[in-house]
Amino acid sequence: MSGKYDVAIVGGGVIGGSIAFQLAKRNARVIVLEKERIANEASSAAAGMLGAQSEFSNDYPLLSNEAYPCQKCSSTPCFLPLALKSREMIVSLAEELKELTGIDIGLVQKGILKIALTEEEREALQRNNEFWQRIGQPAQWLSSEEVADFEPNVTKNLRGALYLPNDGQVSAPDLSHAFANASLVYGAEWREFTEVFDITKEGTSYRLHTNNGVVHAGAVVVAAGTWSARLLEKTGISLSMYPVKGECVLVKVEKPLIQATIFAKNGCYIVPKRGNRLLIGATSTPHTFDKKVTVEGMMSLLERAQQLLPDIRAAEWERAWAGIRPQTGDGVPYIGEHPHYPNIWIATGHYRNGILLSPITGIIVADLVGGKGSNEFDLAPFSLTRHQATYKL
Amino acid sequence: MSGKYDVAIVGGGVIGGSIAFQLAKRNARVIVLEKERIANEASSAAAGMLGAQSEFSNDYPLLSNEAYPCQKCSSTPCFLPLALKSREMIVSLAEELKELTGIDIGLVQKGILKIALTEEEREALQRNNEFWQRIGQPAQWLSSEEVADFEPNVTKNLRGALYLPNDGQVSAPDLSHAFANASLVYGAEWREFTEVFDITKEGTSYRLHTNNGVVHAGAVVVAAGTWSARLLEKTGISLSMYPVKGECVLVKVEKPLIQATIFAKNGCYIVPKRGNRLLIGATSTPHTFDKKVTVEGMMSLLERAQQLLPDIRAAEWERAWAGIRPQTGDGVPYIGEHPHYPNIWIATGHYRNGILLSPITGIIVADLVGGKGSNEFDLAPFSLTRHQATYKL
Amino acid sequence: MSGKYDVAIVGGGVIGGSIAFQLAKRNARVIVLEKERIANEASSAAAGMLGAQSEFSNDYPLLSNEAYPCQKCSSTPCFLPLALKSREMIVSLAEELKELTGIDIGLVQKGILKIALTEEEREALQRNNEFWQRIGQPAQWLSSEEVADFEPNVTKNLRGALYLPNDGQVSAPDLSHAFANASLVYGAEWREFTEVFDITKEGTSYRLHTNNGVVHAGAVVVAAGTWSARLLEKTGISLSMYPVKGECVLVKVEKPLIQATIFAKNGCYIVPKRGNRLLIGATSTPHTFDKKVTVEGMMSLLERAQQLLPDIRAAEWERAWAGIRPQTGDGVPYIGEHPHYPNIWIATGHYRNGILLSPITGIIVADLVGGKGSNEFDLAPFSLTRHQATYKL
Amino acid sequence: MSGKYDVAIVGGGVIGGSIAFQLAKRNARVIVLEKERIANEASSAAAGMLGAQSEFSNDYPLLSNEAYPCQKCSSTPCFLPLALKSREMIVSLAEELKELTGIDIGLVQKGILKIALTEEEREALQRNNEFWQRIGQPAQWLSSEEVADFEPNVTKNLRGALYLPNDGQVSAPDLSHAFANASLVYGAEWREFTEVFDITKEGTSYRLHTNNGVVHAGAVVVAAGTWSARLLEKTGISLSMYPVKGECVLVKVEKPLIQATIFAKNGCYIVPKRGNRLLIGATSTPHTFDKKVTVEGMMSLLERAQQLLPDIRAAEWERAWAGIRPQTGDGVPYIGEHPHYPNIWIATGHYRNGILLSPITGIIVADLVGGKGSNEFDLAPFSLTRHQATYKL
């Protein structure tokens, strides 16, 4: 950690890793400072769904009761374009990362099936389907019979389903480690067990004060998930962020039960993983940093999974874990420059879309740091100053 | 493994360990042959209850439909005397093993509380209570209010409970390892990863054929749990034995919820363990050797535990496991001499009472091997020839 | 396990899995009987080197002191053709398995570098090089300077190295699980925790007696590694086989230290694995089934690795393990029909070449079982009757 | 975390736990705030030696080159009295904690044997022996022959040894958890995953700002190990503290090799633990928070252990870990009141003596918080103001 870096990235999760990879590839001298291990938090805990479409619905808060209405995309959640682009990027990225690091990110492109268990859910999903048809994104309504043909092990007790064929999934820990290792190939440096306490200005550069001494860098990227808010308070801004604990379980079946990811309104999803594993997620407990898996969380996941996929009762239990996801007050990530300090960039608050948005976030932030701006996307909705409340005067 | 041993014990679980300990203490030259690791199977998976009374009830099969009626104890299950004696032995044994090995076996003497959730269960438990009063064993009926006073976190939705104050519990893995290490102190030898394929006669002694060569011994004890039956087939007897898989889960609470072990008719028990852990057991799946924990097993355990102890929902999940317990056709262990070969002794089939019965089984088998017989107990009910069907002519 | 299977395979390791895959793909009704879990033994413990060339040297025992001289390949170890073919197959197999199961077998094709640390080793490796040149297999001698250019982190204290560019490597556990899961896709059934005790004839078919009942099959394949010998004794043959324990350690480096696998005469190899891991193997302890990792084993591995790759001292320790590899008396696997029973086939004794030989063994045995014989290879050297001593009359 | 606590303790290690236990026992309303899990850092990593004498030697820095000379104990390291008292307390504490929590802290009172491998070490140890004789603490010089009698497996290649019979050992994780659970019995509250960012004054009380909201308390104890320094900087003092990583390994032997703890000048010790384990410690790497176990660290530990106890080569490897110990600039812990804020107390910097000193630290801090002061000990050497440099004006 000697000399001066072009960019110091705070946070070694999937977002920090993707940014480090893109910057190092462009020949920036990059250092990543991670308080624990690579992908220690949400990035390893995630289910890895690439739900560019499945995460968005007509009743998505951004459409109706959003405090900061996006002027450009009145009928579209304003980060849908980023999500679609990021999902598209993943195919070539999977190859590139495999080539560079030997790590297979586990990309599966079998779609996500959003199940309607009630009449109300059926109506909502069908409205959602119309939306996708309108904007020209692939989506297909399946009747109960068609669902039974397509995924014969899914419950028969349903009202049809919306199939989103382009929403794939990856292995979240593998993607996170692949970004990190690929950045190493391009010369990035990583420091684990290195916590950044404060950032101070030093002429036109910055000093990052860590438990391992001071790091000097021309630009800083804060991509520390829920932990970003506290660090940024030192720099005079108070982001509206809070942690949301999510519990998951992993089980193993003797033969594949499903091809697509199964997704239900009640917040339950079942993602088929390598080696006949099924990942069942996720509970949502806001405002806690604890990573304890509770009996209650496990029971609710298993009960809901069993409702969707009855044969899961015979599955073999493997393990359970919890992750802490960074949510923002309005549900939209923060991607942009620090309102007070030039060349401090923030990329955090991706909540449950961090894996999905990591490819495009890497490109956008690398563009921003490199002074290129982002011609393709309107980044105003992600700005740190979108609410006055985001920073103290 | 050179020279000739006085006794070769097949099986390094809690029964084999207890026998090895008692024999080595009496200066026998002992070798224990274990196909995997010490206490690899049921002995490490057990909950460790010392249910000398709680395991016996009026409707216990031995009382009514037992094929081999015990003449002595017509109204008493015939291994109750062994169970009571074994439970009594555990206190001094705990001290002895701690002194010899430094291992604390986790003895807790806070009793077992058998909960009546239905009127039918209440009546059965009250009859059971009368039985204990009649034979002079401590037992106390608690009304719902008294249960609420004694164990305030137990469900209020009950019809009273039978409290058996002398039924304690230990840490099953610690007891098993303590026996093994204590036998080492007295000079016993242990060979892990050593499977016995066959036993053949060699004059008045025996040869044990293993994957690590031949062991010579004057006497043999087969204490290999469910795996005993197959080995003994080589010696011309066909024991009526089958495996019963039992799944358990361990959770952690912030503060102790119970003092006593909670035991319900529906086969669920909750045992308070060190460090605010609660061990919840156990499912019962006969005729399988697989040690997979299933989603179904876990869900049934958690649901039943929650019914008994509602606050368990907030507990932290720790882990789940399964063990294979050796059950016999009539539910009574085999303890006795081989019907064809002198000085081959069998001690197996303890099913879910292996931890409880291990102290007395160690003494009885050491007596038998030493030629002392057992004056204190009638061992006829445990004989291998109690049913003609137990051996082929 | 009802009805009758075309083929029952005993052993769920990489060999049994490869055979199950090839047979199921040809529409045979296949069942695999595994005493523990899939790939529980050597298949998961292996380093995964595809050392078709690196495992063979001029002083290879087969050339000089082989009791059963191969008439055809007088100057060539007689299973070299199989090894070369198997190595060639792995590329398309990797794609096929990924497609069918989603499992990436971790194929790396960066070659193996055989280091000469002494003058004697240099001479032996150079003679070996001449052999490869003579038979037209790629091999290249590198001077010390060339080694330093090619692998700058390898010790400078060497006398050159032989580079075998086509000897790649895979992840042994991933290959094993991929075979198993691919066979499931083609309809094979797997039974874990199912031990086969005996095989008896039933007309023109066989009964396999297991701890889970009897399985009926037209043909049987015994691919149970070191455990094969004991089962086959029941069928009247005594294979010359013994277990060889091998210990390995896995460490993690911050940046890749090597591209190729490094291989030294003193029995030490360092294989670069995904995520900047280095797998260091392997010790060799014959005649034990125990899977304990000893302090001595670990120290010898770390010392030898450090001699080859000094920077490994700064690596992070991850884990150590041991596997039990099936060795035969003459070092050649057994692949062929049972000498007494038609349609019982044996495929075992692959020792440290099981991963390498698994693709071709799957094809050969599927051909044999299917009655096609093997036109391509002379299987006489692998015959069970190559030594009279292999079976009792 | 509602209402106001009498005392909020920052840090849930062995020191925080011991203080919580003593305060809760005295009926204080106590809350412990722990950023991760109970005993997450050094408290669980420690070897558990109670080296009240073995940690002190003639050449101990406090005697000669100490910047702050203790006036009272000119010839005695000034925290020796605390160490001796704390060691004495452990016996009754072991019983008290077992009674309250069921946790056996694994107290072994077989002494520590300090080995002289060189003539120089022999002389130093003999001078040390004279010191103990002078102040009346038990110590015994053993010749090489006597060592061979007492511990026959220790290397014969030595120059005698100093035996300190009263220096026992405990299980560090068990002691830490026993303190925590015992404090819970007395009504203390614990909050894991709760990081304290800042402490601010609120009238005569304090507010602790955490990631889970604000805690109000009349008094505060900072016992957060190496992490204390950073928190205290917020309150205007700059403690002279740094982290020292220590790596340990645990191995298992078939039979006990040693009774006493073996301790060598070269910084290596071997502590016999339950179940025939041997704990080998510890390396010393200052100024890092990383908890990676390195190949280099492991090799040095194993080599040194083998030098002391040759038979350890045959031991079974179990695991390795690292802990971060809080060292101070002058090697003396900080125990005392905050120089600026009344009722903020500090207890940290115990370095490698945290387990040993935890009993007495609990008593001293409970006395201080309770306004009793400490009549028995001169606490001046532990004062935060012992060096002017410890706080910024």
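The letters A, B, C and D name the chains in turn, as written, and every chain counts its residues from 1.
The rule is short, and it goes like this: contacts are C-beta pairs under 8 Å (C-beta built on N, C-alpha and C of every residue); 3 or more make two chains touch, one makes a residue touch a chain.
Composition by chain, UniProt nomenclature: A, B, C, D = glycine oxidase.
Predicted model only: the values in this text are computed from it and were never measured.
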Chain labels contacting chain A and also chain B: C, D
Same vs different contact residues, chain B with chain C, by half of numbers used: same
Of all other chains, the one whose Cα centre sits farthest from chain D: C
Chain centre separation (chain A, chain C; CA means) in Å: 41
Residues of chain D engaged with two or more neighbouring chains: 292
Interface residues, chain A side, partner chain C - complex: 98, 101-104, 106, 108, 177, 181, 184-185, 190, 254-256, 273-276
Chain C contact footprint on chain B (complex, rising order): 192-195, 197, 211-212, 230, 243, 287-292
Complex interface listing, chain C residues touching chain D: 251, 292-299, 302-303, 305-306, 312-317, 320
